[in-house]
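In the two complexes that follow, chain A is the common piece, with chain B as its partner first and chain C second.
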Partner chain A sequence: MSAKAVSCTIKSPVALQIGDAVSDSSRPGVYITDITLAEPVNIQEISFKNYYTAYVTVRLQRRQGGSAKWVTCLRNYCLMSNPHAEAGSHDYFSIYRHQMLTEPDSVTTVRLILRQPSSEWLNFSIEEINIYPCAKEDSERDVPAWISTLTPVEEPLDLNGLPDPETVSSSIQQMWALTEIMQASQTAASIGRFDVDGSYDVKLLSYT
Partner chain B sequence: MAEKHRAGVEIMSDSKSARAAGDEQLLSQSGVSALLRGALLRLLESRPEDPVGFLAEHFAHLSSEAEDGASERQSVSRALWHLSLAHHSHRSAFNNNVRVAYELLTQGVPRRLSAGGVRGRLYSEMLRCLCSEGGLSGSTAAPLLRRVQSHDYESVPFELFRQGVLTCAVFADYIRKSQCLYAAVASAPDRPAERTLCHAVLSTLRDALETADGIDVARYLEASAKISPAKVAQAMAEVQPRAQRHDGPTMDAQEFEDAAAALFIARVRTVT
Partner chain C sequence: MMDESAELSVSITQIVQRLKGTHLHSQLEKQAKECLHKPEIKLETLKDDVRRLLKASGWERKLQNAVYRELHILPPPGHPRAPPEHTKEPLAYMRKAQVNWEKRILKSLNSMCTELGIPLARKRPVPEQNELTNKWNEMGTDEPDLSKFRPVYAPKDFLEVFVGLKNPNNERSEDLTVRSHWGLIQVSLNGRDIPQMREMYPELGLTYGQLGIDDHTHVPPDLFESEHIHIGKKVVSEQDSAAAQQYSRQGCPTGLRAQLWSLILNTTNDPEAITHYEQLKARVIHHDLLVDNLIYKDVKLTASNDDYYFVFEDYLYQVLLCFSRDTAVLEHFNYNCASPPKSCMQSKSGSEQCAVVYPPNGVIPFHGFSMYVAPLCFLYNEPSKLYSVFREMYIRYFFRLHSVSSHPSGIVSLCLQFERLLQTHLPQLFYHLREIGAQPLRIAFKWIVRAFSGYLSTDQLLLLWDRILGYDSLEIVAVLAAAVFAFRAENLMEVTSLASAEAVLADLSTLKVMPLLQIFLFATSV
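Let's turn to the complex of A and B:
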């Protein structure tokens, strides 16, 4: 979840219509959006914000060996349960790896086919598309050094003749806590030993 | 007959209620109920072992405060008494007492002179008495006092007053704890502690205190990891291989106390 989105170029949607796009006045019911990725990516998640799209189909172009192949990884995924109603029309969606029909590895292009069969809505699209790659194993955040020293030493220490570590440690802890209390209560207040009416004025100093 | 009885009863209840009304009036006019309420609240805040003695002192102080022209000596001793009522760990009660003590020390001085706060001489004397009441010897307290006390002619604002008083109270506790620590390290009441052990123990404390700055929570976790029993045991075992125990040079209690005090005092901000 904390992985950063891969940078991608989202092309503007192309409408699929019967007839001449210019002369025909009916609104299209299918849009296709292509997203090109800079380099082949193993996709973990695709997230987007819906705007009145009812169904989405996701196709991926995978580069395997030298060839590029188109595969469908999600067919007619329903975003709005009733295309005429508002439910799901503005929702945020995430499509994960495990929901896809094929493994989204080495993907170069993602094609989203948006369908909205209802004539209620003037326009439909999806926005804020983000593609997240699989997290790498070694990209963990830095662990502070002292955490690794918390596990006790394997071989038992020889404590014969030494003072009891529990008592000693408890006294040290209390002394440390008292010092912290003192430090926390330090204020920045001052007596104003070196102030001259709250300001330094060269002319005034010469009179003191 | 019945009428007489009834009249008798009515007259009795009238005089009783008149007396009761007179009692209530007396209490509210003299402010006695407020006085008693205040005394009980102070008692609950400080929870002394001797409640009757505490109440006696409380009322004695109240009556002497009512007089004008109390001497400085008396002001300081009264302020000290207020400060002794609550341990510094009872934060809100302690803060109240500090406020009362501050008011005590600033009253009796004309308004324009006391605008800055408590007179420096009174403040320094207060701190000295606090340290000695806390069981600190003059030589132990001297380095701390050098850092926090003020010149005689300066006037100390409330924030600085509170900080100084809290620092002295905490320092007294700290020295007591360091004495317990020495007793634990010595592991036998009649024998002084091994010098290497003392150094090891003091350096674990110093490490914890010098934990790098950061978010408070992370800093506390890191510091407490350094002074866990396992870490302390490891540090002690490292400096004392088995063969050499009970053989090396020793450190006496006063030197240990001075070294521990130095760790604390190094972190006290000097007053400017």
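Let's turn to the complex of A and C:
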């Protein structure tokens, strides 16, 4: 879950509107943002922060074989249940692999189509876009050679008057279990003192 | 979004963490140990047998009630990447407005403190401590000089903060167009309309019996009242929180209300609660706070002048002074976007500066604050019980009435809801009042901020608060405000100034709350 986001280039959003963008008084209701990835990625999660977008459609360009194909993986996903009201307008969202219509594998470009049908809002967009890859199955983190030779050969130990290691280790284990119980039973309840060492001479409130 | 099972396990972990180490936890452990002595316990089925015995003796119900209470105050689940302030309040411009408002309050309190030359807090000298201990039950007889103190803020100052709330991403023209909102609140929050509220509050409908309507003298009690009281007694004997909350939607009988509310809020009067209250009392004796004078002034100005509540003056001091020193209240800042005021203090050794919260509970009382407590005095006569119930009601509901937030039960949403209902269902009235310079919210705001305490007669107020508890929401307060305007619409259409509009709505003490709500919600044509 705490995988690092892949590096990507987020292009500035392009508005789709009929007529001249400059002279027309009405504001666009659709924006398209492209995100290009440095190399093909199997996407696990796309997370972002909303800013007044009502619906988002996600299209992916996948590189399969030699060709690149566009597929829609999420259609009109609702971010604001009432486009005229504030609910959901600033929320953080994550779109996971299992919510997508097609497998987001070998993705080279992600296209986000943002829609906001309400005329209440001056602007809308999506911010803080992060794309997280799937955890790799074939890990480069191979087990170092010296760990694999850990199991020791069973040899009778020469105790020399020392106590039997089995009994010692079992009593140590008991003590450890006791300390765990003690730690676990520490309460979340606070003691509730508001003074510091018995004094509570407050002079002025601070503005932070 | 996290999927549902992940969210559920997070909630369970949070609740378990909170309940660990509480008095209930140790009592349950003790009970479980005592169960072991019973003959019907078998070693093979130990877990199930102990569970069964705990269930039969009522302890499982107590645990259920405690979990139910925790669910009420659990902070909302947030996205893993969302910062904590976002989870409490997602809208950035509202957070900013709250921060600015808090700065103003701090400045006002600091300047009062400097002008009067009184420290914000000091330790009481021993003779003064003894005097206060002797006078504890009759603090109302004291007549300290409070003329120099003024309330830090009054509800109308707070209203101006909302009127000025503007979303930078929203363009509002000053003209009155078809699209515009006629009221003072110019933010677009979600609100329910009447059809949605009919689904939300079905128990207030015309086909359900209600206390406040069907217990009237000329309605035979067999039709509803006797049966309802009978069910109420059963709920109390079962000690079930959730059932009590559901029951309260149709009103609580006067004789059972105290127990039912205490069950819904899961406040017990066990020795732990009494000890806690005594500790708070000791803190009041030891330290004197500037805030205490604000409380005295507020009680003298509001509750003491009220025909219904002046007899409870001493109780109000006993509750509110202790409330200011209760650090357990700080927990509610986990889901309240407000922050408690802080101060830097030199530690006794003088070596370091530490930040302390002032007042210890983080809540600065405003003009009218004591009216949140006053109606409860009719239900509870033991100070520790009264205190527990008030504190729980504050951290569940009342705090939302004086902080800037987009929560559906927050004051901004309630005001907007009131204005929307009026504009939708009484457009002629709203237009007329607007034209004569009498914006309806300017009149209704003081009712909403106090949840009508001090404006309705007490029995009617308690019926209203039954429903606040029953539906776990303050929305009904906004609906009642609109219903009052609807009731007096004819008179209001004839007034020609703000002052005369206020005069028409000055006296609400004869109103009957439940018929007004029922007519507005279920008999208005949509």
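Keep in mind that, in the parts below, the second predicted complex is superposed on the first by the 137 of 208 C-alpha atoms of A that agree within 3 Å, B and C clash if a C-alpha of one lies under 4 Å from a C-alpha of the other, contacts with A are read in each partner's own complex, and residues count from 1 in each chain.
Note that a contact is a pair of C-beta atoms (placed from the backbone, for glycine too) under 8 Å apart; a residue touches a chain by one contact, two chains touch by 3 or more.
Remember, predicted model here, so these are calculated numbers, not experimental data.
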After the superposition on A, what does A:N76 contact: first (chain B), second (chain C), both or neither? neither
Taking the superposition as given, does A:S47 touch the first partner, chain B, the second, chain C, both, or neither? second
On the A-aligned overlay, A:V168 touches which partner chain: chain B = first, chain C = second, or both, or neither? first
Which of chain B and chain C A:N123 touches, first, second, both or neither: second
Check whether A:A85 is in contact with chain B, with chain C, with both or with neither, and answer first, second, both or neither. second
Kindly list the residues of chain A that each of chain B and chain C touches, one partner per complex. 185-187, 189-190, 192-194
Over in the complex, which chain C residues touch chain A? Could you list them? 1-2, 17-18, 20-22, 78-82, 86, 90-92, 103, 106-107, 109-110, 113-114, 119-123, 167, 169-171, 187-191, 279, 283, 287, 325-328, 341-345, 347-349, 354-358, 360, 406
Of all residues in chain A, those that touch chain B in their complex: 144, 146-147, 149-150, 152-153, 157-169, 171-176, 178-183, 185-187, 189-194
Within their complex, chain A touches chain C through residues 1, 47, 49, 51-52, 81-82, 84-87, 89-94, 120-124, 128, 185-190, 192-208
Of chain B, residues touching chain A in the complex: 88, 116, 120, 150-151, 154-157, 159-160, 162-163, 166-167, 170-171, 173-174, 177-178, 180-181, 184-187, 197, 201, 204-205, 208-209, 218, 220-234, 236-237, 240, 242, 245-246, 260, 263-264, 267-269, 271-272
